[in-house]
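By written order: A, B, C, D and E. Residues from 1 in each chain.
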Amino acid sequence: EKVTFGTNWLAEPEHGGYYQAVADGTYAACGLDVTISQGGPQVSGRPLLLAGKLDFYMGGNLLSAFDAVQQGIPMRVVAADFQKDPQVIMSQPGQGLDKWEDLKNAEQYILGDEGAQTFFQWMVTELGFDAAKRVPYTFNPAPFIANKKSIQQGYVTSEPFAVQKQGGFVPNQFLLADYGWDTYATTVEVMQETIDKRPEVVQCFVDGSAKGWYNYLYGDNKAANDMIKKDNPDMTDEQIAFSIEQLKKFGVVDSGDTEKLGIGAMTEARIQSFYDKMVKAKVAQPGIDIKKAYTLAFINKGVGLDLKK
Amino acid sequence: MVASGEAPMLLALRNVGKVFSNGVMALTDVDLTIREGDFVSLLGPSGCGKSTALRLIAGLSTPTSGVLDWRGRIGGDRTNIGFVFQEPTLLPWANVFDNIWLPLRLKGVSRAKAAPAVMEMLARVHLTGFEYAVPRELSGGMKMRVSIARALVTKPRILLMDEPFAALDEITRFKLNNDLLELWQDERFTVVFVTHSVFESVFLSNRVVVMAARPGRVFAELAVDAAYPRDEAFRTSPDYAALCRQASDVLVGAINSTAGPHHDGH
Amino acid sequence: MVASGEAPMLLALRNVGKVFSNGVMALTDVDLTIREGDFVSLLGPSGCGKSTALRLIAGLSTPTSGVLDWRGRIGGDRTNIGFVFQEPTLLPWANVFDNIWLPLRLKGVSRAKAAPAVMEMLARVHLTGFEYAVPRELSGGMKMRVSIARALVTKPRILLMDEPFAALDEITRFKLNNDLLELWQDERFTVVFVTHSVFESVFLSNRVVVMAARPGRVFAELAVDAAYPRDEAFRTSPDYAALCRQASDVLVGAINSTAGPHHDGH
Amino acid sequence: MTAIDDSALKLDPEEARRVRQERLERIGRWVLPLAIMILAIWLWDRVCVWNEIPKYILPRPGVVLQTLYDDAGLLFSSLLVTLRITFLSLLLAVIGGVGLAVLFAQSKWVEMSFFPFAIVLQVTPIVAIFPLINIYVDNQTVKLLLCAWIVAFFPILSNTTLGLNSVDRNLRDMFKLNGATRWQQLRYLRLPAAMPYFLGGLKIAGGLSLIGAVVAEFVAGAQGQSSGLASRIIEAGYRLNAPRLFAALILISLAGILIFLVLSLVSHLILRRWHESALKQER
Amino acid sequence: MTAIDDSALKLDPEEARRVRQERLERIGRWVLPLAIMILAIWLWDRVCVWNEIPKYILPRPGVVLQTLYDDAGLLFSSLLVTLRITFLSLLLAVIGGVGLAVLFAQSKWVEMSFFPFAIVLQVTPIVAIFPLINIYVDNQTVKLLLCAWIVAFFPILSNTTLGLNSVDRNLRDMFKLNGATRWQQLRYLRLPAAMPYFLGGLKIAGGLSLIGAVVAEFVAGAQGQSSGLASRIIEAGYRLNAPRLFAALILISLAGILIFLVLSLVSHLILRRWHESALKQER
């Protein structure tokens, strides 16, 4: 069966598990012919999911799932392949911005639109960041390097590398997940209709992805990397190596619950706690029936644990 | 004073008035009958409403009072009118040939089919050889001649001409006068002819209508009873001179009737 | 044939030729001397290069051969020229007053200061009362009169007029002829006057230059020795008639000299 | 005088048709556009229903209107922010466009030397150079204005240049003969003559400066209280709040139409006495 | 004839100045723009050096040129992709703009009824409605074309409409008298008369369709081998490869200038026989 999975960025190692599962036939083994449709800086794939043009979409964090419930959109998160949001805030060392508490004193916060609509809201209400200092991140780190008193968002796996190469310094990196932003990330979002009508497809995709991630992180990932480089010619081996190393180092994919439940794990308690936190921070509306935002039916089965070496 | 044969009436202006939106009363109470085959000249001081009257007749403008009666119908069928505007009014992007071809083209005549007629008209207005020039490369008089050729090329049943020969030298003017008369006699179309030359009006027309200004109105009508064809002999005849003098006097009368202190404006 | 008093030379065209970029030879070998205070008329068939010559004199165009000699200098100082174009050439967005005021305005004269002169010119061309009309609300002849008023309002030392009165009725034309002559006698400026009317040229000027066409050239020059002031008496004198006939004959000669089969074009 | 009885005068069909048509036109001029608008909205509604388009993709007009009403406070205050940038940038576009056009009209040299830079400005994607602007411009409003201006000024420049060069040759000669200085020629001849072209460019620039303001906000991302419609759109997009997104879009459209109407009126008032495009056909 | 010796004829100062100036102008017309361009590039270089601007923010022109040379293959193939969209969308803009203008010229009704929709199209931010386009349009090229078209068509529509309405009244009367049909009036009178305005709009739309193509790529995110300059810019920006980013920007600018020059030439060729703006001043 042909299905399409939309990612939220150009092909990169952060999508490695899915490419791996395509490349080594893990999806095919349970009867899925998966096409990966890359996203991009200005490309928003979620509407395509809503319109049924995509079967699966890679969500950034849980907030959009909450929003979907609030707007009465029958969309659910079926797996969370990242236990931690890989978002970091970077600052330049030695500028008085070396501690998390100091970051709000920066002159400029360079943040993308999505970040501004999600974790930044939380940073404003909870941590006292100044909304007026936000400047859009156009996916060009030059302004950050130029302005020593600025901070910038980034994926722990990618921006620090670029800054290090071009700016000639290793930026301070504050992984949001370590400072209370405990959402799941890189979720798999599906329309309710798919869950109802083709549960086996969903199951296959979730399981295949989990296995893919294990294989990508711990096995031979050359085929997946070749696919990534083909989709995104600017990707370098150096960058890929850096990314994978960071993913492992920060336990982005595989840490905490996954030790027992397998990659993709989610727990009700953690989602509830994150939601409560967001409500408290006035980022999410109170009174949302968040049970509708996700289902645990396809995960937490320890699939693929055997592949971890 | 009207003198015109037994030809059927073509059109009549009845009590026609025209007030422009800026309040200028260009025409008032104009009564004028034109019969088939008439050659009527309009004579009058500058600004007395000659062009306005011509535009009314052509249907390019509607009277604000009174009616235009075409053989008993208001409005009437205005096809087959040839019009020479006071300004040349040529298509600036088209060459002389195309400008003259235009009316035929609009009737569906192809370039090849139209060529003989166009070339004949070009020759008539002495512009052979200039068919590929565009208007801005022509002198004032040449432009006007193109405009005349364009009006004649369709052989219209009614010809309205607004000072067509004013920009031409007298010799060319005489020639074209003769040509026009000849054509008119052959085809017997109806002509309404605006001119400032008393001589021209008397030479050409069977009726001269003298208008007065502010407000524009018909001041007098003169019949020119001399027989057609009229030629150089007529031009030098004492009859002609007398008629010219008479027309001239009427014109002076018309102008004086409004002259006074020129402080009336609008 | 030249006849002109002992007045100093103002300008001379020496062997002047003008070939347009499309290859039309508008003028060839034109030799013409104009003295201070002259009233020179240019007469000639349509398209013979009168307007071109006037533009050359005004410096709006440069000869392709020969030179223009202004008191011994090529080019020369062309300030203080009044020019009446063959077409009215008014600013379409400005009213009559502003159009006439324009040359004074360009010399820095304020509206209030200019008003008397402008109003006087308006009265001279019989347009008092129309100062707030915009050009499209005027008749052809009225536009031309505005253009004349504009050329005269600065009291220029040299006046170049291209068929200024062609669009006017004969009575107004006579009046303006007389006015112009009067002005000229008072101020003694120099006039080059293009006209198609033999009568007008003889009545007004002390020299009539007859041009022939294709290529445009000076065909003959006539001196009009009648004394100024010239009035209605002169207009009816046998001298005047004789001169007119003479000019007419020359003009016919000029036209015939090029007539032939009109297949020369460009 | 003639044998025809006056009472027999009949309005001929063509004349009658013309009169009828004029009457119709007077009514239709207002009714028809409204009708078409309503029809379009109805069609939108039907399309949503027929194709069962879920409201989170394309909400039905009723829902959008409801949202427009409910969120009026929020949306209109954002609209004001956007309109402020729009008008300022339109003003700057006029000043810049006309100023440059006047400069270019001074000589072919200047035009050929500097027009390329104008084109470079026109075709440079703001998104791409925003980082540079961001680094060197501190003031948020200035950033927004700069972006919106870049989008809007070119049509004015281009049209005005064309207009300044389209002056009747005889009029130009007339000015020359009267010894007009360059400045006088500009002031009294070329600028008035360029008016129709300039106003045409202005009508194009009006819409562009609105979209420029929106794009500038998209790129420069104002936040907090002072956020314009673009932020609302982005926010609504991320919040999957389609009705609000479309309400914001509709506000932009309405603002665009309004700006166009106002500029058309201005154009009409300036030109109505002399230019064909604005003249009432007098018959 | 006169007492003045011919040999004494002096070129008066004004005349001499004119001749000199003409000679200068002939040279200057090509040299000056080049000189200014070189000066601008030199200034860019100096600014970089004086202000010690790091190369990842604003690289020096030399570096950019070097990159342009080194990455020529990559960049030019991307340029071709972008230009393809540009030309197609310009073509569509011409068809759409002129078509609509012709439609609008048919009657005031039609104009007043449908112009609002044109304005809505003009002022709708593509970024905001792209998701919709993305859902309902499958073909990538069609998506891009649609976006670029929306950006480019309005100036043509607006200017052509203005031109169609600016026809000399006497000429219109002349056509009417000759019983011209609506279509004939359009074909032989209004369209030729609107040419200068249309061509002015075309010159604006040329640049807009280029920037439209770039913006379309930005939002539609073309991928893989077929990616245009926008993708190159985003990637280069992301990778902090400023030299390549600026090389891509320069390519866009050059393409814009080239398009403008070509359209100017077309305009000149069409108008040179009759319209003031294109006439060589014959003296």
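Simple rule for what comes next: a contact is a pair of C-beta atoms (placed from the backbone, for glycine too) under 8 Å apart; a residue touches a chain by one contact, two chains touch by 3 or more.
Everything numeric in this text was worked out from a predicted model, so none of it was measured.
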Chains touching both subunit B and subunit D, listed by label: C, E
Shortest path length from subunit A to subunit C (each step joins two touching chains): 2
Identity of the chain that, by mean CA position, is farthest from subunit C: A
Selected pair, greater C-beta contact count between A-D and C-D: A-D
Length of the line joining the C-alpha centres of subunit A and subunit E, rounded to whole Å: 42
For subunit B paired with subunit C, centre-to-centre distance based on mean C-alpha positions, whole Å: 27
Mean-CA-position distance for subunit E and subunit B (Å): 48
Residues of subunit A whose C-beta touches two or more other chains: 42, 44, 47, 51, 138, 140, 142, 146
Set of subunit E residues in contact with two or more other chains: 57, 127, 131-132, 135, 168, 218, 237, 245, 275, 279
Multi-chain contact residues (two or more partners), subunit B: 20, 60, 87
Residues of subunit C touching subunit B in the complex: 20, 22, 24, 43-47, 50-51, 86-87, 123, 126-131, 133, 137-142, 145, 162-163, 166-173, 196-198, 248, 251-252, 255, 262-266
Complex contact set, residues of subunit D against subunit A: 54-57, 127, 130-132, 134-135, 219-221, 223-224, 226, 234-235, 237-242
Residues on subunit C engaged by subunit D in the complex (per definition of touch): 55, 58-60, 78-79, 81, 83, 85, 87, 89, 91-94, 102-103, 105-107, 134-136, 154
Sites on subunit A touched by subunit D in the complex: 42, 44, 46-47, 50-51, 64, 67-68, 71-73, 113-114, 116-118, 131-132, 134-136, 138, 140, 142-143, 146-147
Residue ranges of subunit E touching subunit B (in the complex, touch as defined): 168, 170-171, 173-180, 184, 188-189, 192-193, 195, 273-275, 279
